[in-house]
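The two complexes that follow have subunit A in common; it is paired with subunit B in the first and with subunit C in the second.
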Partner chain A sequence: MEMLTVLNPLNLPLAELEVGKQFYWHLGNLEIHGQVFLTSWFVIGLLLIASILATRKIQLVPAGFQNMMEYAMEFIRSLAKDQIGEKEYRPWVPFIGTLFLFIFVSNWSGALLPWKLIHLPDGELAAPTGDINTTIALALITSLAYFYAGFSKKGLGYFGNYVQPVAFMLPFKMIEDFTKPLSLSFRLFGNILADELVVGVLVLLVPLFLPLPLMVLGLFTSAIQALIFATLAAAYIGEAMEEHHGEGHGEHH
Partner chain B sequence: MIHSTILLAAEAAEGKGGLFDIDATLPLMAVQFVILVILLNALFYKPIGKAIDDRDAYIRTNLTDAKERLSKAENLAKQYEQELAETRRQSQKLIADAEEDAKRIAAQQIAEAQQEAQAQREQAQRDLDQQKQEALQSLEQQVESLSRQIVEKLLGTQTVS
Partner chain C sequence: MNPTVAAASVLAAALAVGLGAIGPGIGQGNAAGQAVEGIARQPEAEGKIRGTLLLSLAFMEALTIYGLVVALVLLFANPFA
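Right, the complex of A and B next:
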């Protein structure tokens, strides 16, 4: 804190940078991050309102908002279909789609909305995906999802995946089960937080105009990160359900 | 970034907070996400997916229907064309037959007429010949009587005497 006052000796009304400060809520003897939940509820509300608006009166010839949401739906479907395959993708569309929509809207809400204008007693509002808890939660759910996909498709034969194509792959495949959620969660967390920090630091140094290109770049990375998370989740699920009989790698195109 | 590391260090010293502060937010966020999946499935994916699938089915049935109708229409057109060609051929044959008939009838009638004309001419000739004969005969008789009268007139007295 002293460093900040040194950098801002004239006490100009410059933006402050707060990292790692949490707005704690106490739930029994549990502690939760209130600012993450506030923004995530905002995102969830946005998604639900959009869904209700799009499906309020469904027409054969789509118009307006229904059209846009149908475009989103087709995008999600094609994403899931590309990764999981034509035969199996349908039950996974809600999961993959919600991953994509939740992360995308979270990221963009963090990049576009001036959350920092709302003052909290402690910490500050930001994208929910910039919090390690959110990303680990999403990554662990993804892990559970692909385990579920594998076991429900092949039963215990799913363990056969671990010795494909050769038996000594076993340790690597086991390590993969840990690295998958780790990389998923830290990639998303790191990108979003880094984007916010870079913009924050630049705003701290040069408050006008200069951060704008970086903010645009941030919008781009945010969208890409949502796409990457959803695509990888779908790819893991598809991989878990893949058939290995013979040299059957030609099922997924 | 200096600030953040400093702040991180400061908060680590406080013993609370920090970037990697994992607590009950994690499971609650997971539960919240699963609820969101269920809600969006009911509110968004199912109705919109159904709308898209329904439209696909609608378009597909309409398309097959239209294709069926098109092939039917093409078949009908082909059939009509065939019938038309057949009818045209028949009519041409009919016309040709009629023409032939007419020619034949005309030829026959002409021949008959000629025959009749020939017969009539022959008859007329015959009548003429007969009348000529008769005229000549009567003329001969008259010549005889006249010549006798002339002879009588000339030599009448002598002969009488």
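Right, the complex of A and C next:
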């Protein structure tokens, strides 16, 4: 990043912009991005503590923290119900909810927590979803989930989806199986990384006050991205389980 | 890095973001305009229209973000360097 250090001639103690520098851990032959693990564990811990605290003393009339978590729960449930449908959505609420909460808290942790105060030997702590590996993992899990949903509902009849509504659609539907995780992961990764980069560049140029509105916009887009990821995952699952009434010829009606 | 590859990468990165912003820009403008028209016709549907608009804007924005990802790969993780 020599290009951007030129912009900081006074050597102010600002967050350095580092792209592509990782805090490598070696695990056998594998090199893993340590900073992503640290932040993901933190986010997972935060979510675990929050859920344990909220469910420790469950009251019939919720108050305080339990109230907030119940609101989140209702939100996720209505999201799943809208996309998957009244009949099938129940078993998928935990999956959709996990995706939504993990992505949401990760995105916001990157913007709200002062990660830069903790110095690593290499790389820096940031939102775990700003790393392509995290988002690809999430997207592949989503792919597996909708295949599982389709197969468990219809068995091998799931392949019938590929020739609906016309057999001509087969190659497009097959390509779609690859583009779905690709676009899911790139959308999330690109948005989060872009947010952090834009704020970083602006902080380099004008350290005070001016980046604030952009940070608020970043919070907004990160929340929307979490919502979109969860909505799309639910929509794919719902699509995989969808019954095609047109082909049934009176089987169901 | 080979200077020709470097120059080509920088140009390509600029083009990827710049050209990639055109389509979604037009699309977002259309969507926002139609949404405003919808709200003007039917102010009571504002909440629903706003929710749908935000979701679809984010989808369109994703297209530019793909260009941005390509640009970032070219600048910071160039496979031809």
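Convention: the second predicted complex is superposed on the first by the 231 of 253 C-alpha atoms of A that agree within 3 Å, B and C clash if a C-alpha of one lies under 4 Å from a C-alpha of the other, contacts with A are read in each partner's own complex, and residues count from 1 in each chain.
Basically, contacts are C-beta pairs under 8 Å (C-beta built on N, C-alpha and C of every residue); 3 or more make two chains touch, one makes a residue touch a chain.
If you're wondering where the values come from, they're calculated on a predicted model, not measured in any experiment.
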Check: So, A:L101: does it touch subunit B (first), subunit C (second), both, or neither?
Finding: first
Margin query: A:A54 in the overlay: touching subunit B, subunit C, both, or neither? Say first, second, both or neither.
Written below: first
Note to self: Tell me which touches more residues of subunit A here: subunit C or subunit B.
What the structure shows: B
Next item on the list: Check whether A:S183 is in contact with subunit B, with subunit C, with both or with neither, and answer first, second, both or neither.
Entry: second
Next item on the list: Based on the superposed arrangement, let me know which partner A:L227 touches: subunit B (first), subunit C (second), both, or neither?
Entry: second
Notebook entry, point to check: Touching A:L193 in the superposition: subunit B (first), subunit C (second), both, neither?
Noted result: both
Next item on the list: Have a look at where A:E86 lands relative to subunit B and subunit C in the superposition and call it first, second, both or neither.
Entry: neither
Next item on the list: With the two complexes superposed on chain A, say which partner A:S40 touches: subunit B (first), subunit C (second), both, or neither.
Entry: first
Next item on the list: Pick out the shared contact residues on subunit A: the ones touching subunit B in one complex and subunit C in the other.
Entry: 19-20, 193, 197
Next item on the list: Would you tell me which residues of subunit B are touching subunit A in their complex?
Entry: 1-4, 6-8, 10-11, 16-30, 32-34, 36-37, 39-41, 43-45, 47-49, 51-52, 54-55, 58
Note to self: Quick check: in the complex, which residue numbers of subunit C touch subunit A?
What the structure shows: 54-55, 58-59, 61-62, 65-66, 68-69, 72, 75-77
Margin query: Looking at the complex, which residues from subunit A come into contact with subunit C?
Written below: 19-20, 183, 186-187, 189-191, 193-194, 197, 221, 224-225, 227-228, 231
Next item on the list: Would you mind writing out the residues of subunit A in touch with subunit B in their complex?
Entry: 1, 3-4, 17-22, 24, 27, 30-33, 36-37, 40, 44, 47-48, 50-52, 54-55, 58, 60, 62, 66, 69-70, 73-74, 77, 93-95, 97-98, 101-102, 123, 128, 131-134, 136-138, 140-141, 193, 197, 201, 204
